[in-house]
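Both complexes below contain chain A, partnered by chain B and then by chain C.
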Partner chain A sequence: MSLETVAGGLIGAAYLVPLSIAFSIAASHGKYLPLWIPYTGLLGAYLAYAMSETRGVPAMWALIVAAILSAAFAIVANYALFRGHINRGEPYAALLRAVAITVFIEAALGWATHGYALSYRHMKLGGSTYIPKIGDTLTSADLLAILSAIILAPALALLLRWTWAGLAFRSVASNRNLAREYGLPVLWIDTMALAFCGSLSAVGAIMFGMKYDLSPQMLAEPTMKVAAIVVALGAEWPERVTAGILMIGILEAVTQSSPSFAPFASAIGYVLLILALIMRYAVSLRLRRLQT
Partner chain B sequence: MNRVLADIAVTSMLDACLVAAQALVLNSLGIPFAAITAFSGIGAYAVALALGGSWIGLAFAALLTAVTLAGFSFLAPLLPQDRYLLLTLAVLGVLLATAGSAAGLGGQLGLKSASTLLPPQEPLPFAVAAVLLFSMSLLAHALIGRSEFGLAVSVARNSRLDITAKSFIPVKRITLVCFVIAASIAMLAGVLRATYSGRVDPNQLRIRTAIVILMPTLAAGSSPLRIGILSVVFFAFPDCFAVLFGYDATSLAYIREMAWSALIIAMVPGNVIARLRTRIKVQMAAQTRY
Partner chain C sequence: MANSAMSVDSSRRKVIVRSTCAVLMVLLALAGCGPGKQDGEISIGAILPLSGENASFGTTARAAYRIAEQDAIQKGLPKIKIIYGDSKLDKDLALKEFRRLVDAEKVVGFVEITGSGVALALAPVAEKDQIPILSGIDSSPELTEKGGPFFFRVIPSDAYSGKVLSEWTVASGMRRAALVYNQQNGWATGFKSAIVSAYRARGGDLTDDAMVPVSDDTVNFSGAIARLKLSKPQVWFVGLMGRQAALFVKQASEKGVSGPFFGVDNLAQTEFVQGAGKGLENTRLALPSEAQTASAQDFAKRYSAAEGRNADAIAFKAYDAYMVVENAIKDLQASARPVTGATLKDQLEKTHLEGLAGVIEFDQHHDLKNASYDRFAYSKTGEKVPQPKL
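Presenting the complex of A and B:
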């Protein structure tokens, strides 16, 4: 395991950090697996492409507008399609709807672009630095992704643990009815949480598109990987989810460095998910036996 | 033209068999299972290995099927529904990666699966076989709907909500039997598809394919007629429309997926169709009363 491999894996995984944080916040808030949240970001990424590449809108404005519209989409979709499931505690029905939304968005974008991949030109950040120690060239987008991985998770952990807003969010996520009875503005907290998730997904998807180009299916595998880590480590801990994503990135890079096992790299997240589910079942069974 | 239509009929019918098989577990038994393509993939690879003379590979495929079946049916009542659905997709992801990385399975290029007995790309014999298999799968639904076993299946479906159901019927055994029937149909469909195309590759194990098959399965319910019509229309529509009217088949496939996913989004909250049907019945009862 060389330093180059580890660094490559970490940089690749850092691009998934905004998406995984958005996913874990939405999962913790709604108590289901919101597979559709990264796809709001995908919509934002395509919107940013349309604005900056075909209409000539400055990159920063395109990014801001995409983030705002993704947030709006997330709020509306949550209010119209998922609120009932969240209130009634129906994670399976919510998951089915989430899957249907991902299929719809993928198909709509595939139809609009004839399934071809698109590449950012105006939105791509300029500048790159060669780092001899890791034997790789870091682009500005790479640095931005690394910075976001370093800053976002600890900042969010602090926000959730040590501020009133974090306490209110945790209360609503834990028991909505009780939070409402205690006078917490549940609807306002829902809106804020989803706006945060939608805009962060848009930023994450745009960054991901800068690295790997835009395609309708580009977030299918990362979404499953993030879902696997959220199930394995718990949605209530975004910092753990971030650490998990980075660890999986390193593991994938190490696996990919061996030619005979390279295609198996994509299965690491799935294996983790299967193990986590079976272990959780075993733990709950043991607890039940101890209780009886 | 006839050859093209026959080709469409074969591929759509084989995909429809997967929908029928999945509906047996998902809709009749109420288990959120989305990895029916895992069994069709195993069947396809098994026949490719058998045609290549690798009997150890065939034995390994049989063992893998048994382990997967046992795992899926054992974990079904124990895990929450959403986690179970994710687990089935994760197993599919692992199978995809294994098929793509194993040198004995041809890696990303796959294996040749052409048979001398049934030459590939000859639609007529495969169309007959596909129609037979599809009829068998619909017959299985019809028999389950009308038999004592079907009654036990519906009780087993309720066992997740009502724990007392477990004292009336052997839920685990019924689950396993349903899984075995569904897996057999899917494996036969996989075998036919592999011999028809003449090549097997890991793409058929993609999660995206499983999710596309999930859409008509959710909409079809467990009525054999509805499964028959909806699944064949779902798979035949883009290619048939493209052949008859000259529109791009890929674009039509995207439109189809948009339409069906929109239908699923509308139907999920408590089954809109069932709710409408109940409302109509209530209204009719009220009218007859007056």
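Presenting the complex of A and C:
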């Protein structure tokens, strides 16, 4: 296991942090697996591509517009398609709709691009430097991804636990009817949460597209991985989800670096997550026994 | 009370039955609205990935068929109706589409079944049904033996390209190699086998430790690249396609690897050229020779005008495959023989046609008799630069 391998895995996984956080917030809020949330970002990423690469809109403006429109899409989709299921506590029905949205977005983008992968040219962040110790070139986008991994999750954890907004969000996520009876503005909190998830997904998908190019299916595998981490570690803990995604990134890179084990690189993360889930279950069972 | 409940139930049932009938009638009416087969038209199938991760293969071929159709009409060749099936490059989906096209659409042959792995899976079924398959993209060496008597291809086997790449690299003094390949892709595993046997046979050093398999969904190659760097290769063979190949070469370049990266038509795809970044200049590829005839240049010009991008090897081969089928059907009709799968297969065996990429004739395994390759590097602007012959 070389430093180069670990660094490569870590940097690659850091690109998934914004998407993971957006996913865990939406999952915690709606109490289901919101597979469609990263796809709002995917729409934003393609929109940013259309604006910056074909219309010549400056990159920053393209990013802002994409984030705003993704947020708007997330709010509208949540209101029109998921609110009823969330209110009634129907996670499977919501999941079914989420799957339908992802399939539709993939198909629509595939149709619009004839299935060709696209590369950002104007939206690239300038500046890069080769670091011999890690045997890799660190780009500005890499730095941004690493910074977001370091800052975003702890900041969000603090926000959720120590501010009124965080308390209100947790109350609504925990029991919507009770929160409404206590006079909390549930619809407003829904809107703000989904706006945050939509815009963060757009930023995450654009960053991911900068690193790995744009393709309609590019978020299918990462979304499943994030969903597995959220199931194993708990949606209400974004910092744990972030740590999980980084750990799995490193583990996959290490597995990939061994020719004998490389075929199992994608599977190893899931095995680990199943173990985490079993451990979580065992701990909760023990706690329950102690209580009784 | 019970009576009223029963009458509500019965009226509900009536509504459901009537609604179902109405929906069925609309669907039947819509089914009848599609472009029907005209008199004398012969149905030919094409099972391509038209959606999903590999859709660009399918859309490229389909665009080439459209141009070929226009040319066929101009030349007064028989009317062919291509019926498409979307495989997403998945064997099970392809088999389902194969059955639909053969049983319901009554196709007498296939102008393409994309994907060596898919073709290997369908070849026994095609043999049983006596339906010939022609391909312009399936280059796995395994198809030579396992393709069966009903499989033909207008692209040389990778057994040839493996030899060409090995000769090229060994003659250039690059005797230690590394290889990355997609273990879930039939073409890539065939490419790996071809390179390993040809490179080692020429004295090249390609150890098992210097070969790393990845999967369909791999986009971060950092672990694989770090591993391969340890073997200090003088040449990197790339058994990945499209976006994956581009990401691998780009990431390797960012990790200080100057290549050179060697491949075949997988490194000529538009997605590779657009996504390989700085690694593009260190890429070398061997491609089936493209004729510099007026017809080849005319095709390239028309393709570019219609699609907004340059025609790649897939487009040229798709055009050739279409024309081979057209000419076989024309010859069958000229000799007043019925056009069935079996007669089409017999006629395809007699093919002698001047294609865009040279004369097309099949050997006893239905591989191309004359396979010639050109060698290319890339310029900074992404143009293919011919390399001197060995």
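Rule of thumb we're sticking to: the second predicted complex is superposed on the first by the 270 of 292 C-alpha atoms of A that agree within 3 Å, B and C clash if a C-alpha of one lies under 4 Å from a C-alpha of the other, contacts with A are read in each partner's own complex, and residues count from 1 in each chain.
As a working rule, a residue touches a chain if its C-beta (ideal position, glycine included) is under 8 Å from a C-beta of that chain, and two chains touch if they have at least 3 such contacts.
Source: prediction; values computed, not measured.
With chain A as the common reference, the superposed partners chain B and chain C clash. By the touch criterion defined above, A:Y212 reaches chain C but does not reach chain B. Of the two partner chains, neither chain B nor chain C is touched by A:T40.
In the superposition on chain A, contact is made by A:S266 with both chain B and chain C. With both structures placed on the common chain, the touch criterion links A:F104 to chain B but leaves chain C unconnected.
Look at A:G249: by the touch rule set out above, it reaches chain C but stays clear of chain B. In the superposed model, A:S258 makes contact with chain C only, not with chain B.
In the superposition on chain A, A:N78 makes contact with neither chain B nor chain C.
Shared-chain residue A:S119: touches chain C; no touch with chain B.
Touch criterion met: A:G9 reaches chain C, while chain B stays clear of it.
Of 24-32, 114-122 or 222-230, the chain B stretch that intrudes into chain C once chain A is superposed is 114-122 (criterion: clashing C-alpha atoms). Counting contacts by the rule stated earlier, residues 107, 110-111, 114-115, 217, 220-221, 262-263, 265-266 of chain A appear in both its interface with chain B and its interface with chain C.
Against chain A, in their complex, chain B makes its touches with residues 32, 75, 78-83, 85-87, 89-91, 93-94, 96-98, 100-101, 103, 107-108, 207-208, 211-212, 214-215, 218, 250-251, 254-255, 257-258, 260-262, 264-265, 268-269. Put simply, chain A touches chain B in their complex at residues 32-33, 81, 84-85, 91-97, 99-104, 106-108, 110-111, 114-115, 217, 220-221, 224, 227-228, 231, 260-267, 269-271, 273-274, 277-278, 281, 285.
Taken together, the chain C residues at the contact with chain A in this complex read 49-59, 183, 208-209, 211-215, 217-227, 229, 242-243, 246-247, 254-256, 270-271, 274-275. Those residues of chain A that touch chain C in the complex are listed here as 2, 4-5, 7-9, 11-13, 107, 110-111, 114-119, 128, 130, 135-137, 139, 212-213, 215, 217-218, 220-221, 249, 252-259, 262-263, 265-266.
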